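Read through the structures below before going on.
Across the two complexes that follow, chain A remains constant while its partner is chain B and subsequently chain C.
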Partner chain A sequence: MRSRIFAGLLLAAVSAGAAFAQGGPIKLADVAELSGGGATVGNNWKNGIDLAIEEINAKGGLLGRKLEVTHADSQSNPGVARAQVQKALDNEPYVLLGPGYSGSVKVTSPLAAEAGIAQIMGGEAAELTQGGNKFLFRTSFGQQSSMPKVAKYIHDELKAKSVAIVWVNNDFGKGGRDVITKEFAKYNIKIAADISTEAGQADFAADVSKIKAAAPDAVFIYLNEEESARILKELKRQAITVPLVGETTLVGQKVVELAGDAANGARGHVGLTTDAPVDLVKAFREKFVKKYNYVPDHNGLKGYLAIYMIKATTEKMGKVDAKRFADTLHGLTIKAASEPGILMDVTFDEKGDIDRQGFLVEIVEGKQVVKQVLPKLN
Partner chain B sequence: MSATAKYWRIALGVAVIAALIIAPMNFNRYGLYILSQWAVMTIAAMGLNLTLGYAGQVSLAQGAFVGIGAYAAAIMTTQGMPLIAALGVAVVMCFAIGWILGYPALRVQHHYLAFVTLAFSTLAFLVFRNEDWLTKGIYGISNIPRPNVLGFATNRPLPFYYFCLGSLGIVSLAMWWLIRSPWGRAFVALRENPVRALSLGIDTRRYTLMAFAIGSALGGVAGTLYAPLTQYIDPVPFNLSLSLDLLMMVIVGGSGFFFGPFLGAMIAVLLPEWLRFTEGYYLMLYAVAVMLLLIYSPTGILGILDRYLSERRTKAASALRAVAKSRLETAP
Partner chain C sequence: MSNLLDLLVAGLATGAIYALVAVGFTLLWQTSQTINFAQGEFVMLPAFLMLAVMHAGAPFWLAVILGILLSLLLLGLGFKLLLVDPMLRHGVLPLAIATMALAIGMKEAVKQFFSAEASPFPSIVPAGDVSILGRVVSLQSLGVLALAIAVVIGLTLLLNRTSIGHQMQATAQNPTVARIIGVPVERMILLTFLINAFLVALASLLITPIYLAKFSSGEVLGQAAFIAAIVGGFNQVRGAIAGGLLIGVVDNLAAAYVSTQYRAAVPLALLIIIILFRPQGLLGRPEERTV
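Let's turn to the complex of A and B:
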């Protein structure tokens, strides 16, 4: 009799414990570039995450549980990022978010994989998903999927035979430059000039002179927003009239604002932009501006999408299961019709790369005009 | 120093060493990583302390030497060579480059010298970034293996921490010996009064170069530990800010004090981590704390201790003097 009472008590205690665990918040850990060279990237990413979590919690949470996130600053330094990711993993989060810099992703992804925890990050370097890591997921196109589209456009539409490449010498710029150089080689497009520039560079006069001397059929520009605006102004000043092509950054809203007239005629491929002609993206932008008083760049979108990736995957599993998370997300298609937070239909492949629609846009009289919608592949 | 004070010191030393060995045994991986980072940065700061604190030469290139050591370790160990070989290469390279970099120190002093070393620091960064064929440029080098030491694998965080701690111990002993040797005395003489040092027959030229070279070589040693610690390196961590950080560690800890770099590295590595609970404010609070400390004690933490001890000594001495004086007066 006694033992039965004990057993009953035990059962009650266990089930109460389980119920408590079920009702407790779902812990997420974010490690991002909140200070240092990548502060814009990291803070946009963080704000996107916070906005999405606020929305989900306001609607009653995920499977009835609140989401909770801790943000840690990597100081844009891979060594610090590693320490912070280690700290985050020691607390056993459901999913790890970030970092945004590809170098920091490279140093931290083996740790997350070893812990068996999925990592949703912002890095765009091509090689990140090539190493067979089963726990790493992108939030945007890797350069290996965006650059071929740009090269194809330059070859098919612009019929360019020679191109000058201007890139920023960090892992983002160098990665893009290396991928597109290979793509150009496939089309037998000659590289008339290969110009490396510094992050934060103010004066592009010498670089533009080099482009002028090389007389290419088109210029491919792969710089951050501020630098893109500066070089556009300089290109106009030195009266270079060949087509100017970029990827995401060159045709962003911020560049148009900063460069003014000089941005007209610039064109490029855009994967993820708040200027996308998609109603859900426009709505996101409005919500973001209302909360933070500025227009986010694509990193804000990435952070927001990361949280909705978690939501969709968890709902698909029907429970919070960190071990099965990565397996479930591989091969998963999330439709914006059923999960508006994902903004655009997206599919994740076995490597953690994404497939989503993209846009070819041109700046006409200070406005982004979508010239072509590049559909989702599958 | 009285015999009891000496025993107290030894007891304190043993207690600290024992704590450094025993306490981390149940630390989590994050704690071990931070402590390992502390050990590595202490070694680099000790090198700078020799150049700056003992020999009085301002250097903004210590971060670059850590970088040279780290790249030597990363390149060689990913090619399958043992870390000890990389250590040898790093030490020889940093010693030689440090020696050459010391030549300007013979001609310029203080902030002029700082500028020369700053230029070198920038040069080293550009080499790390632009010489793709050797350093893989901005992509960095990943999958740096951790070494086997005396047959023990150090892949797990705890053994690797002991490896770093052991290296720190060896470097500390060597340094302890060095600054008590005639060389160490010569370095101090160089700092205090180069003209007098020269008149006493010290070859100031050779010792200046030597201080630079040995200090730089220790930067290289720290670098060869840094690479397997993070297991991935790219050029960014070795830019000027690391040199400035190391300079701060030496000054905050107490430049010219043997234990200065230990405390300085502790402040620089651990204080921002402790302050992280303040989220967006932690770097600001850290900066304010460092400024306040340097206003209160320009000679660093150990400067405070030193001031306190010398005050006590003066008090004790004046008490003794007073007693002696009164005895003298009352004497018949």
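Let's turn to the complex of A and C:
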């Protein structure tokens, strides 16, 4: 009799445990640049994630289960990022989020792939999705998508014959520099100066002097946000007046805030901007500003979209299945009409790259002004 | 040639700020044998103090005044009373290590209170350009250079032409004899700490609009100023000034003509050469110590 009661209690306990596991929170792990040179990137990304999770949980969660995320700081250091990702994967998250720096993504993506966990990240280096990793997904355009648009703009609109390139000597910067150099060659645009700078560099006086000496028709700047702000200030200080063109990291909100007047006139291609003439993006911006009291840059959008990518993919599967997640997201088109959190229609290809509309913007009186909308390709 | 002129002007402007910080190094060393490895963080903090005052609603000019006063209090008086005085009696090395700990503590505290992200900081020199010898030079570069040079000249006059300056020099050269002849040694040492706090606050005011306010911004400055002080001569104010200007120019020329990757290595190479062939520094005087 006593053994029957014990067996009954055991069964009840196991059943209760199984039921809890079924209805327990869905665990996500985020590894981001919360301090160090990439703090702007990581903190925007983190805040975007937290906002999306709060929204989804407030509406009853994902398939009836709450989302739960742990944030770990990579300190903007690939070595630390790798250790943090390893630690995060040991806890078997549903999906891994981050990092934002391409160099950190490069060293962490093999770990996630080995664990069979999908990794949704913020890196933009072209090579990240070229290596056949089936578990890696972008939240924004890779350089192979954005650089041709920038080169075309410099050739067609600015009519520049020579360009000085300033790039940051890391995976992100070198990847961008290599792709844009090939694109310039197609248009016979001469490289007047090819200037490599260091991540975290504070003083750009010598680099700008080199640009001045090269006298290019335009300057292409491909640095991280804080360095972009510093070089814009130095370019203004040394009275460089030729067009300054870049990508998202040159014309982001944080750069505008840090560089002040020096950011005026900077132009660039951005995949994501809170100034986009899209109602859902405007609504996102309002919600973000209300919660955090500042205007996010594109990294805030990336973090937010990453969570809605998880939501749309999971709902498509109809269940929480970490092993099938990556397969389901490949080739998936998520429409903003059915999932407003995705903000704009987006399609993921077999490599994890995205197709979405983009924007050409210019900083006018401290604000991003969208000059041209570049439509989604497919 | 014109490029070289631009590089020299920019290098001198940065070097003048290094000189301010390096002078503080040498003053503290001379009067109290304090090697302050938190000197870079001492430059970082005043900008955040000023930002805190501005966030409270004060105008920039008031934030500058209050920031300098708070720096005198915290980085001058507080530093001497709470860290240097208790640690110095245990020797130079424990004090040097304590300043390293202080540097880490200051960085982490600023990160905790202000976030790890960079913040913009207003410039006291207005934006704009002037034409000199046919070259366009920014007012900011000239303003930084002029202000730093004015302070260095003022400090040199204070040390060499005033009674207080002579008393400070006497304290630095031989505190025991200075005490015997009636110099208020303790007060002179405190004055040195206050002068250092003023110099770092000024350096902070000049460099932060360019480097941005960030918890880690003192790392580069502290290292550059330390190298400048050794290269110029750790026991001479004029040596620190020369060292600061030299490092600023060498750093810029190295970035332009060697490579950006190796720019940080060139001042270090200069440091090694100086230590090997002229250990007292370019303008320093040899010191002998008995055991």
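Note that in this section the second predicted complex is superposed on the first by the 301 of 378 C-alpha atoms of A that agree within 3 Å, B and C clash if a C-alpha of one lies under 4 Å from a C-alpha of the other, contacts with A are read in each partner's own complex, and residues count from 1 in each chain.
What we mean here is this: a contact is a pair of C-beta atoms (placed from the backbone, for glycine too) under 8 Å apart; a residue touches a chain by one contact, two chains touch by 3 or more.
A quick note: this is a predicted structure, and the numbers were derived from the prediction, not measured.
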item: Contacts of A:Asn170 with chain B and chain C, given as first, second, both or neither; value: first
item: Partner chain(s) touched by A:Asn77 [first = chain B, second = chain C, both, neither]; value: first
item: Contacts of A:Gly366 with chain B and chain C, given as first, second, both or neither; value: neither
item: Partner chain(s) touched by A:Val107 [first = chain B, second = chain C, both, neither]; value: first
item: Per-residue touch tally on chain A - higher for chain B or for chain C; value: C
item: Contacts of A:Gly331 with chain B and chain C, given as first, second, both or neither; value: neither
item: Touched partner set for A:Gln238, first chain B, second chain C, both or neither; value: second
item: Touching partner for A:Ser35 - first (chain B), second (chain C), both, neither; value: both
item: Partner chain in contact with A:Arg230 - chain B first, chain C second, else both or neither; value: second
item: Partner chain in contact with A:Lys210 - chain B first, chain C second, else both or neither; value: second
item: Doubly contacted chain A residues - partners chain C and chain B; value: 34-35, 169
item: Chain C-touching residues of chain A, taken from the complex the two chains share; value: 34-36, 39-40, 43, 169, 195-198, 200-203, 205-207, 209-210, 212-213, 226, 229-230, 233-234, 236-239, 254, 257-261
item: Chain C residues within the chain A interface of the complex; value: 2-3, 6-7, 10-11, 13-14, 111, 115-120, 127, 129, 136, 138, 140-141, 209-212, 214, 216-217, 220, 251-256, 259-261, 263
item: Chain B-facing residues of chain A, complex; value: 34-35, 37, 71-73, 75-79, 82-83, 86-87, 89-90, 103, 106-107, 110, 125, 127, 169-171, 174-175
item: Residues on chain B engaged by chain A in the complex (per definition of touch); value: 28-30, 33-34, 37, 129-130, 137-140, 142, 226, 229-234, 236-237, 273, 276, 279-280, 282-283
